[in-house]
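Pasting in a structure now, in structure tokens, and then I'll have a few things to ask.
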Amino acid sequence: MALMTGEQYEESLRKLNLQVYMFGEKIKNVVDNPILRPSMNSVKMTYELAQQPEYEDLMTATSVITGNKINRFNNIHMSTDDLIKKVKMQRLLGQKTASCFQRCVGMDAFNAEYSTTYEIDEKYGTEYHKRFKNFIKFVEENDYTVDGAMTDPKGDRGLSPSQQADPDLYLRVVEKREDGVIVRGAKAHQTGILNSHEVLVMPTQAMRSEDKDYAISFAVPTDTEGITMIIGRQSCDTRKLEENVDMDLGNKKFGGVEALVVFDNVFVPNERIFLNGETEFAGMLVERFAGYHRQSYGGCKVGVGDVLIGAAALAAEYNGVPKASHIKDKLIEMTHLNETLYACGIACSSQGYQTESGNYLIDLLLANVCKQNVTRFPYEIVRLAEDIAGGLMVTAPSEKDFRSEEVGHYVEKYLRGVKSVSTENRLRILRLIENLSLGTAAVGYRTESMHGAGSPQAQRIMISRQGNLEHKKELAKNIANIKE
Amino acid sequence: MALMTGEQYEESLRKLNLQVYMFGEKIKNVVDNPILRPSMNSVKMTYELAQQPEYEDLMTATSVITGNKINRFNNIHMSTDDLIKKVKMQRLLGQKTASCFQRCVGMDAFNAEYSTTYEIDEKYGTEYHKRFKNFIKFVEENDYTVDGAMTDPKGDRGLSPSQQADPDLYLRVVEKREDGVIVRGAKAHQTGILNSHEVLVMPTQAMRSEDKDYAISFAVPTDTEGITMIIGRQSCDTRKLEENVDMDLGNKKFGGVEALVVFDNVFVPNERIFLNGETEFAGMLVERFAGYHRQSYGGCKVGVGDVLIGAAALAAEYNGVPKASHIKDKLIEMTHLNETLYACGIACSSQGYQTESGNYLIDLLLANVCKQNVTRFPYEIVRLAEDIAGGLMVTAPSEKDFRSEEVGHYVEKYLRGVKSVSTENRLRILRLIENLSLGTAAVGYRTESMHGAGSPQAQRIMISRQGNLEHKKELAKNIANIKE
Amino acid sequence: MALMTGEQYEESLRKLNLQVYMFGEKIKNVVDNPILRPSMNSVKMTYELAQQPEYEDLMTATSVITGNKINRFNNIHMSTDDLIKKVKMQRLLGQKTASCFQRCVGMDAFNAEYSTTYEIDEKYGTEYHKRFKNFIKFVEENDYTVDGAMTDPKGDRGLSPSQQADPDLYLRVVEKREDGVIVRGAKAHQTGILNSHEVLVMPTQAMRSEDKDYAISFAVPTDTEGITMIIGRQSCDTRKLEENVDMDLGNKKFGGVEALVVFDNVFVPNERIFLNGETEFAGMLVERFAGYHRQSYGGCKVGVGDVLIGAAALAAEYNGVPKASHIKDKLIEMTHLNETLYACGIACSSQGYQTESGNYLIDLLLANVCKQNVTRFPYEIVRLAEDIAGGLMVTAPSEKDFRSEEVGHYVEKYLRGVKSVSTENRLRILRLIENLSLGTAAVGYRTESMHGAGSPQAQRIMISRQGNLEHKKELAKNIANIKE
Amino acid sequence: MALMTGEQYEESLRKLNLQVYMFGEKIKNVVDNPILRPSMNSVKMTYELAQQPEYEDLMTATSVITGNKINRFNNIHMSTDDLIKKVKMQRLLGQKTASCFQRCVGMDAFNAEYSTTYEIDEKYGTEYHKRFKNFIKFVEENDYTVDGAMTDPKGDRGLSPSQQADPDLYLRVVEKREDGVIVRGAKAHQTGILNSHEVLVMPTQAMRSEDKDYAISFAVPTDTEGITMIIGRQSCDTRKLEENVDMDLGNKKFGGVEALVVFDNVFVPNERIFLNGETEFAGMLVERFAGYHRQSYGGCKVGVGDVLIGAAALAAEYNGVPKASHIKDKLIEMTHLNETLYACGIACSSQGYQTESGNYLIDLLLANVCKQNVTRFPYEIVRLAEDIAGGLMVTAPSEKDFRSEEVGHYVEKYLRGVKSVSTENRLRILRLIENLSLGTAAVGYRTESMHGAGSPQAQRIMISRQGNLEHKKELAKNIANIKE
């Protein structure tokens, strides 16, 4: 099958029978729900751009399985060039959507599973890798979107999976059958699942032998019986429900939402199981997925940052101060920080290396360094954007006031900035900055930058492990002429 | 009249005939409107605490005009001790409301007007100071709340008031009568006006002689004919309209809202005019008001910070990681930053000095340093709070899902943290952090920290002016043994 | 006796029979040694300024013991006003010497001992307080300088005093006699001891009962038998030995040096013992001394910062770029950071409170916050100074080259900045910046800012203890409507 | 000729007749001068490592001119792989010398000249590129070290070259002859010239037509008549003169020094002139050189940082606190910052592109971002190292005291850390940290990180130019739905 157009993708979603709840009610038409649709639009953009010749090089790749042209989001990276293009594709999508476009988790899970299943099979003679390649082939042939699901609710974070008061707080196998297993548990913070055809489940952390039942990885269709999705509240979510409102949204078209996904006794057939009890490989799978995903943030958030920098520059222009030296300096600082993130994304890709399975892994140290910076710089970029925008960004009256017969003329008159720019356009750009700083998109640009692909401390632990302090100590002893 | 109780204050507001618009519609009952009421509750708290013996020392003062006991928010500061108590009162209110309680602008305007009118009279033989003291007396006797209104819309910020394409973009006198003046223009970002009985208008910046008509200061009742208030949108504002919703608000009871206040040909009687064309005093008034108001942030935001630190500590506890060293270290850092702000608030108060009129002004350099830090540290405190809270803070399902028969049990089960704390309480604390980081209160805790009392660059200019670089150059020359 | 003049002070030092070693040799004439003399000059300045009417209010105080006029460095602080004047005096001295003037440790030790001895006596009926007051009286009458000595070498920091492989790594009582005790051990990093008449020894940390012998505090003359001082190397120390060199020093006149002070079986008479085995009071003494000393840094380092800011401003001027916006902005930032430190120094003083003994203690939380900022901001101020100065600050040829017949004209010609300033003056100011950034004074301005009065982690522990997290948690629960 | 061994290199230097002055005297034997020799050792290491098989891939390359194996420091980069290897080679050398190894300027000048001369010739039909290739060939054949000399003294930085009071403050052509030109002026901050056989001079900034005489680039032997070098003072420089001192140096073997190099009517033959009056190409040459050199810092300073991190880790170990969580966290932070610099160095290399001449240029935006980070992070790494080291790093007695019969035992006894490590080794590691923080190496690791390859503001201007703000504004308009 050829790559789907955006329209075909949208239609394919309509066929799914997802169990989605929001505000206590079941959503009948997920695709057209005004709160949810922008997140679909973001994913749809990954299909649309893949159709455009100018983006073909970034958006598509050649399948290592079939040799066919595929969407790069389904690609197994076979070179450092592939890894770099991945980052560039992510920056592009960030620029086009100014939000989370959700497909990275699937791509990153694909590549982590690809090499890990190979190594499990090498050790145990299992056939996970073969199964997984079949799954990839199936996904590629249908040009599907896959959600990678890792984060368990975790309950008391001071306790291991099997120590929890409720054993289901980490997803686990509750029954083994001849033809498969029954699983129970949940995955939190799932950004892309609503817009995915399949979900690829992974364990959430390294496991010890007593947590054998939790060392499970598999893929099932998103509308499999027993799967329920409950949408998370975002800041400003219900603005999208307001009638005739466009300006107030900041970013009307695109977004991203998160769901708590419950697996309530879901059956997984054997051919879709890729890890089952080989506890010592859970850590490898997590580390590799997290590594790829920490690389991802050096692309996607940079693209969103580009939009925010552009918006701040426009706000300065519309306020009449584009040439103030402190404004220019703040825009430079925003650019500097944003490009530092990009540099980290590129560097960990450039220094990638081949795994035993043949695909390429990023440099783990640099990928963790990348993500660690992502937990800091977007916050400072936002702060600078708020500085440039001015207080109006949070005190401007609503679009309804702006359109009102009674007071609209006041808003029009008094919220005008420079003469050459309409009040409406000025407000639009301020709302975009609000959206990214405080609104729905801030969830993705700020908090997800903090916790996505692992919270800051997780990266610090990896930096500590990968930093090779012993080698550095030797270097210092040589210079200091220390003999022992 | 004795100090009003909270209830009396609330009743007094009901008598006002304010012209308030929101979402394109006129609000009939301002006091009970669910979006606006929390902001009233915050001001009401300033009345309630003044009734409590344990807070009497901080919340009340002795009038320099009448010798009566008054609410400290109406006080003319007559000592550095008064200045310090002001900051402590503000911290207290921040702790009790976790939001902007709005009365500082009036208090700060009072004190700036008090000394400036005195000095104008000294120079010109005018009687502004006497008028102003009469106004204070009137306010004290009624225990009223006064909104201090300074910020004009400003239009093209590269142009002076009289250069604007629309001359009304700075509030100005459009007609002079024997008994008073007619003014036109607007004041933006007015946080307290909804809950105020009077509005005290000041010019927004230093003026040159050609801007004479803009050098106007006066007070009028908030329901004076010609005054229209248009409420600004805040992040998550409409959550307050959701029925049966409590948890999702984070801070159900308190808040603060901002309004664009239009003065459309408003008449001001002579006895309420405190500056009128003495352009060279506009700068003094602005500088002093800004100085007091920059001091204020060293109190109020610290109080809000206390709540956020407490919330983060609870979140860590509920997540099961209160003893992780990195968590403890982040709480220390939050405390350190918050107390640094407080130190600045206290220091500029302690180093205050008496003006010619007899009241006390803060140390201007330190007050600007205080505010400059406020434009930075709350952002970092928020970032650390988001780090500690975890991603659930922005992905947790709605209260309606939590209460739902169909999926509520899933939320209850899977979003449980430590066993000893209910899921509801865990979600409540996460929603409070969301409220302060991204929601309605973030408007006050972040963006207002940035722009309130002047944007960061305004403080830098003052720091430059007050820093006495010439003296420092002399010190350096002495040490370096430079003779010229 | 009246306050000593600078000359009298210098003469008084000549009478001391100090055992001082440097570069492996015993120093015969400490006062005139070119490496050591600048540190004497700094202390001398504390005597000279006390003689000048314009500084009398800051530099002198009235003895609580005798009612006589004394040097403030020997003062027992009896009010918050005293505490504030202390900080101002320290800033003044920092401005006049651009180095460590060394007397703060004595002053801070005085005040910590004063209140602690009182409380020990209250509990145990001992007479430490009386003895200590006698000691103060003796010091005041002679207008002496006292070194406060706290920091033990500590050996393996993972072990307690009595667990060390060598029990002397913390100073301890090795023999008890009827008339006194014999002590052995060392105190490290002693900045003022060379220029002090007496040394006041305190324990270095809280002690447990097994460390009883280490809970010892006393005072003895600095030339007591058994005391040996070994001078620490400073960056660029030997430049002071170069003949005919002035410019290269940056700060020819003033400095500060540190010594390792060994107590090799030193006898202490009973009347000079102020703590002896009351282990539970060691912590109080340390905490109070550290608190006062952390306050001190909000004065002295600010004064040094003033000089560095002035120097950077001159460097910009001499380079021809005083009006570049980025230069002005960096000077503002330096000022802002420096004044933030001052604000913390003032605030912890203003919020001081009376101890049982009657003297005033600073606010411990704010004093620790003060010092924590001191471990950061001077580094950033230095970085900005280096930025403004330009690379020449570290690559300029020596003064000997500048004075050389052969190449001096090249230096003169090519290192000229703006036409109106001599090359010599330009180089002088660059050398001053070098001195404070990398040279002898950097030891005081940077590393001492880091570790003096306790390393950063020590403050964080105190901030954690003093931050009252439980109260903040209650505040958050109230706002979040959490009932338990 | 084959690549020189370290010994051969050293011998080749002895043949040069350099005019070097230091402390007002002419240096007769430059190679063996104790202050200068460590800088020679650093360069020598670039020859020694090139002889070792394990480093061959990084240290050597294949000449694009002759096809011969050459030292990579003389390489013309013909691929992004070459650019990446350059950075890795620099990190390696930083690790091996913990100082500036000086050859990067020549390598970076080579590559900037290579492409710029090609483009000048394309426009003007000149033969600079041919000449320059001949020069490269000559250098390669002799395996020479070339100093790239760019920075003029600049005088009043507010004035252009031809506006200076003294026209020689920028190096210029003072006479044109048939066979060449006579130049006069100076180059400041020359790190490698002492240890170079040739000096390649470039203009220091973009030029306008009136500055034609200043648009000159050429190469001459370093001992050409008229060239005088005056060595700059470094912090702690004369420690290297102290007899029997080893420990106190921190890094006895390696270093780097800077010189002011005067060109007093130096003749340059035509075949060595590579730019002469084509003013519009001065900017290109500077921009490309600066770009390459800003990349370089993403390698060399990272290597030095590795040593400092190792030293701090050892200090923690020797102090007995390697497992304290705050220590571990600081080491992680140091690693994180250091690797962020490396990521920037790698990224700008990976994203390099081919010039018209065929060689590869780095990505200019990312190279400037790289250097901008280098102006910040080493300072923070140093601060953290000072934190971990403890105050002893600046207060420890001299080696002579340590070796002294009289007091050596005190130093030995009291400055012992953990039992298992000798006091000597503890002091050695503290001295290394001192060396990098405050001593001779701090000049390279701190101030050179600030100003080398252009001061911070220079990078900000480039970031502003390369940041493509217009594109970002378009992105924001698309998202905000702004139509104009």
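To keep things simple, chains are lettered A, B, C and D as they appear, and every chain counts its residues starting from 1.
In this section, contacts are C-beta pairs under 8 Å (C-beta built on N, C-alpha and C of every residue); 3 or more make two chains touch, one makes a residue touch a chain.
Bear in mind that the values here come from a model prediction, so they are computed numbers and not experimental data.
*Asks:* Same or different for chain A and chain B, when you check if over half of the residue numbers at their contact belong to both copies?
*Replies:* same
*Asks:* Over half of the residue-numbered contact pairs in common: that is the test. Which of A-C, A-B or B-D passes it against C-D?
*Replies:* Answer for the repeat of C-D: A-B.
*Asks:* Measuring between mean CA coordinates, which chain is farthest from chain D?
*Replies:* The most remote chain is B.
*Asks:* From the C-alpha centre of chain A to that of chain C, how far is it in Å?
*Replies:* Roughly 52 Å, centre to centre.
*Asks:* Rounded to the nearest whole Å, what is the centre-to-centre distance of chain A and chain B, using the mean of the C-alpha atoms as each centre?
*Replies:* 38
*Asks:* Measuring centre to centre with CA averages, how many angstrom lie between chain B and chain C?
*Replies:* Between these chains, centre-to-centre, one finds 40 Å.
*Asks:* Name the residues of chain D that each touch 2 or more other chains.
*Replies:* Counting only residues that touch two or more other chains, chain D contributes 326, 329, 460.
*Asks:* What residues on chain C touch chain D, complex-wise?
*Replies:* 21-26, 151, 153, 155-159, 165-166, 168-169, 186, 188-189, 228, 230-236, 238-239, 242, 248, 258-260, 262, 264, 319-321, 324, 326, 375-376, 379-380, 383, 386-387, 390-398, 400-401, 403-404, 406-408, 410-411, 413-419, 434, 437-439, 442-443, 446-448, 450-452, 455-457, 460
*Asks:* For chain B, which residues are in contact with chain D within the complex?
*Replies:* 325-326, 329
*Asks:* Where on chain A does chain D make contact in their complex?
*Replies:* 84, 95-98, 246, 250-254, 306-311, 313-314, 328-329, 331-332, 335-336, 339-340, 342-344, 346-351, 365-366, 369-370, 372-373, 425, 428-429, 431-432, 460, 463-464, 467, 469, 471-482, 484
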